[in-house]
Amino acid sequence: MVNSDTHSAPVSLRGVTRTFGDHVALHPMTLDIQAGEFVSLLGPSGCGKTTTLRIVAGLESTDAGSVWIGNRDVTHVSPNRRGLGMVFQNYALFPHMSVAENIAFGLEMSRMPKAEIETQVARIIDMVHLSQFADRMPAKLSGGQQQRVALARSLVTNPAVLLLDEPMAALDKNLRETMQYELRQIQETLGTTTIMVTHDQEEALSLSDRIVVMDKGHLLQAGAPQEIYDAPANRFVSEFLGASNLIECEVTGLDGDEAVLSPRGMSGVTLRAAMRPGIAAGEAVTLSVRPERISMSQAQPDSSHQAVPGTIVTHVFRGASHAYQIRMNGVETPILVYEQATGHPETGKRNIGSKVWAHWASEGQTVL
Amino acid sequence: MSGSHSVRRPDLGLIALKVYVVAFFAFLMAPIVVVVIYSFSDMAYTTWPITDLSLRWYQRMLEYRPFMSSLAFSLQVAVAAAVLSILIGVPAALALARSGSRYAEAVMTFLLAPLSMPMILLGVALLYYLSWMGLGVSKLSVVLGHTVVSLPYIIRTVAAVYIQSGRSQEEAATILGAGRWQVFWHVTLPMVRAGILAGAIFAMLISLDNLPISFFFAGPDTNTLPVVMLAYQQNQFDPAIAAISTTQTVIAVIMLLIVQRLTGLHHIIGQKR
Amino acid sequence: MSLAESHTRPKRRVGWGLQGLGGTLPAVIFLIAFFVLPLVDNTINSFENDGSAAAIDNYVRLFTDSYYIEVIARTLWVSLLSTLICIVLGYPIAYYLVRHTEGSGAFLIFLLVAPLMTSIIMRTYGWQILLARNGPISNWLLDFGLIDRPLATLRSPVSVYFGVVHILVPYMVISIASVLQSVDRRLEEAALILGASRWRAFWRVTLPLSTAGIVTGSIIVFMLCNGSFLTMLLLGNGSVVTLPLLIYQQFILVNDAGFAATMGNVLLFLALACLYLQLRTVRGRGHV
Amino acid sequence: MKTRSLLLAMSIVASAGASAHAETISVTAFGGAWEQAFRECYVAPYEAATGNTAEVTVGSPSQWVNQIAANPQDPPIDVLVNLMDTAAVAIKDGLVDPMTVEQVPNLAKVPAAFTEPLQGYGTVINFGAAGLGYMTDRVPNPPADWMAFFDGIIAGDYVATLPGINVGSTTPTALLWNLFDLMGVPLDKTDAVMEKLVAMKDSGNLVFYNDMNQYLTQLQSGEADIGIYWDGRAWTAKDGGIDKLNFYYPQPGGIISPSVIQKVKNGSDEGWNFINVLLSKSSQECFSQKVGYPVVNQDVVYPEPLASRVPSYKDVRWPDFAGISKVMPEWVDQWNRTVGR
């Protein structure tokens, strides 16, 4: 299967629209995916990500717009002629066929000679470490094994594009992480263009070359994981992708190329943000700061840092870090802070009730 | 094809399927529609095409005493046979669906056997047998006879539904502390309700249309509608027969509408909504 | 068939292997009391009336006379063919009901069940009118120039199949639909993505997964067809002579209850053998 | 019916002229207009005269004969309306009582021809006769005699409909016995008759009807032009709207089909009184006018058009009912093997 003629194709959606009755599932959407790229469609359920994937697959028709795979307009091409591979959320393994038969299905459909099918199937079964299960029925496999079969089945035909619909959703956390590495490794080896639908931001962050965040049928932001994480384009993206502290502020004045901000409800505290076109005195802006970008100190830090005072109200140990919630006078929502765990529980831990300053460098914040 | 206004292309396969569905239901309804039309004919004899319409055959139907009294009796028998079939059939279906016994198929085969018995033979055999038991020509005899042929439908449909539903819900209920009967009453029974309903409808329909068994037990108090219809049409054939047939269908339709109202007809095919 | 599922569970071979069958007792006892015993009683009576030698003769007659063997074969053939026609005609309807009805489902199910509620005599009568030489179907076809002389459907066995299929196909549709309901639509989509045309996806995935429904429907249709005679009597101009029809003759014309019982027993035995084989076959397939 | 024997015993004890003890008897009737005339002309006068009640069961003779045979000691039926073939079964199996003028005084008014075929176990109460019904627009010159009719089928003069083997009480007499009689063949020599039928069938101009109403459907739908049928049914159909239908008895005459009445053995003796009322002139006149069939009380006078339509019992041919019932299994078997395939 890992042929030298491995091909991958760019995918392009041009103004694709879909409505179901009165409900607009997808507003005109345009997206270009490079050959070999791994793109995740991320968003809450009902955001249109699954509809998008199904339109690429040809399982759903479009009301308007066109879908291109390679240099071909496939808008009206039926799914079986699009040269795709797909892993379904529940794997959709054929319950009446053995592992080997499941994997061979796609090759049979392409009318490959029997002997060659056997070779190909044997090779990919070996690759996903399922050789001893070739004759088992899917119902007798574990979740992870079923997932591998589904992956093998979708890859054995050497598809130009691989579609993954929540491929890890049914796996437990440990298995999920293992499978993520495996998937990424296989994808990189084959170089197959891959589109994955997920609502799991960690999965999207760790696997993708690019993440497309969607909500209510709209494409909100598309970009590299780091870029999206660090610079969310709007409130929804910042909240949906990882944890985020959103601090509502009012612009009180301008100081050179910086705006002077006053956090709502906190008298006497001043924050600063880089000037941006469109920011004027008297306007409301939101600062988004990731919890791991915030540090704590007993003493007030110097003015090069953005800092707010508060009291630690809760503590949760997260393994690699401690999470604290810091309540500030006059503000309802506490600030969430992740602090790297040191390995010494006693030394690393701060006491609930301590007065602290939460502070961060202004590079670590985004103005929404 | 590059139009940004591209519309969904007509799906030829689906169109063909829809055309076929229409044709199929036309086939299904055709002979019934013919009968319904004839019931409104003004002629004493059936000619095609119909020229004049009237309600005189419905009037005749109402005036002919045995039609109405046998219709009432037929309905009683249908309900009684369905209830009796449910009482003894549901436990059998549940047991067969979950039994690990290697005799399950043999028992199932046995329980479905009445389906393929020519009923005229069963009817006459039952007449002599029940007369020997002292039941003779009686209402109970009719109900027992009908239950024999209704039972397979209940067992078949309930077993099919029960097999499809997993064990986990019952196991969950057991873990939550439900006793055997509580599990049966609160979990199992609601799960197979669709099957019982579908089976009961089948059973009642079979009973309402049963001639060969009712035939041998028909007396002044135990005449079912098909027996009276047969006796009527052996001697004359006017559209009053079509009228009573139409009425019978309407009653059944009302029954179906009640089912639709209560639980939804989709349960008949086990559809989940 | 779905009954087979119970056998994928680990078997505990204890006692007589009857575990779990206790619930069938009321039904089994009922059928022994009101189905088996009356028939046995009837058979014994027929022996006593005619002398047992004569009764044995009935069986000999049935199995040695080529005419009766032909009738037995025809009975099974008519049932088999009707069952196949019902599968072919009914499957697309079941598929449509499950996959393509939004809201119209209840109405179509209603239309499907409604014919079952009209008396069999009347439905047959409806066909007599519709299929007649000067009936509406023949006339329309003549008017449209599709045929150049009136159809003689009523004189041919074709009309028997019209009648039988019309009565039995709803049972098939309902049986298939209730199983098809549980087949995950995504399996068909997976097959499409893997390069199968819709036809092949249906053939390789949907159809095999709905065999349980086909088998259930076939059992009901086959057995009902095996036992029915009214349609054979009233349609087809007497051209389709089956065992139930001969049984009817023995009662109505000849008054020979003994020979009727003999034929009834043979018919029942054949039907049960077919049913048991069907159940076994499906169990052997082991999936479902 | 168990209470009835008790009632019977009581009424015997209280015997002398006691009309105070009302009794319920069970009688049978064919369905439809026949049953309504039966209630009006027979049941009503009986109930008025005796104060008893007669319950009417609608149905078919084979059903009743089996019900009586299953309960011979305590039959669910007291008075049995029957057809000739099942009447013969009831007589052979000893299910009915012999009928005499002592029990049924009005029997004196019934010609012996109506009781003889029943060997004294009952009497004919009304009768019809088989002839040919045809559509006047399609058969301008109907054949004058039976043999010409059968030959006309083979010659292709018309498409004819005949009763199929499964139509009890019509096929054995009006068709088969008729052919045996016309061809002068003994009843147990079936070959010639079956050959004739096969020849008719092979001509392609023959269809069969399998119930009485199918005949009328066939004639109207054009499936057939002419066929063997019963007089009363044919006239009712003509009067009911099939204007083009006509009916006649070909030479050498129609074939009789009688309805008979029998008193069930071990049934209530009140049955004799019922039969006596039924055979009275007024009851019989009432019945014949309601249903259009000739009846058996010789004093009855028919109005027009009935008078010109009904045949005299002397003009119709009486089939050999006893002989037929003996050869019936053979006839059915031979039919199935030859005509029926």
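Order as written gives the chain letters A, B, C and D; numbering starts at 1 within each chain.
Assume a residue touches a chain if its C-beta (ideal position, glycine included) is under 8 Å from a C-beta of that chain, and two chains touch if they have at least 3 such contacts.
Since the model is a prediction, treat every value here as computed from it, not as a measurement.
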Mutual neighbours - chains that touch chain B and chain D alike: C
Contact-richer chain pair [A-C vs B-C]: B-C
Intercentroid distance (Cα basis), chain D paired with chain A, Å: 89
Between chain C and chain A, distance of the C-alpha-averaged centres to the nearest whole Å: 55
Mean-CA-position distance for chain C and chain B (Å): 16
For chain C, residues that touch 2 or more chains besides their own: 125, 129, 132, 134-135, 198, 248, 251
Residues of chain D touching at least two other chains: 211, 213, 217, 221
Residue list for chain A, restricted to those that touch at least two other chains: none
For the chain C and chain D complex, residues of the former touching the latter: 67, 125, 128-129, 132-135, 150, 154-155, 233-234, 237-239, 241, 245-246, 248-249, 251-256
Residues of chain C touching chain A in the complex: 184, 186-187, 189-198, 200-201, 204-205, 208-209, 287
Residue ranges of chain D touching chain C (in the complex, touch as defined): 62, 89, 164-166, 168, 172, 207-208, 210-211, 213-214, 217-218, 221-223, 328-329, 332, 336-337, 340-341
Chain A residues touching chain C - in the complex, by the definition given at the top: 57-59, 78-86, 88-90, 92-96, 105-106, 109-110, 137, 153-154, 157, 163
Chain D residues touching chain B - in the complex, by the definition given at the top: 26, 30-36, 55-60, 63, 66-67, 69-71, 74, 76-77, 211-213, 216-217, 220-221, 233, 236-237, 240-242
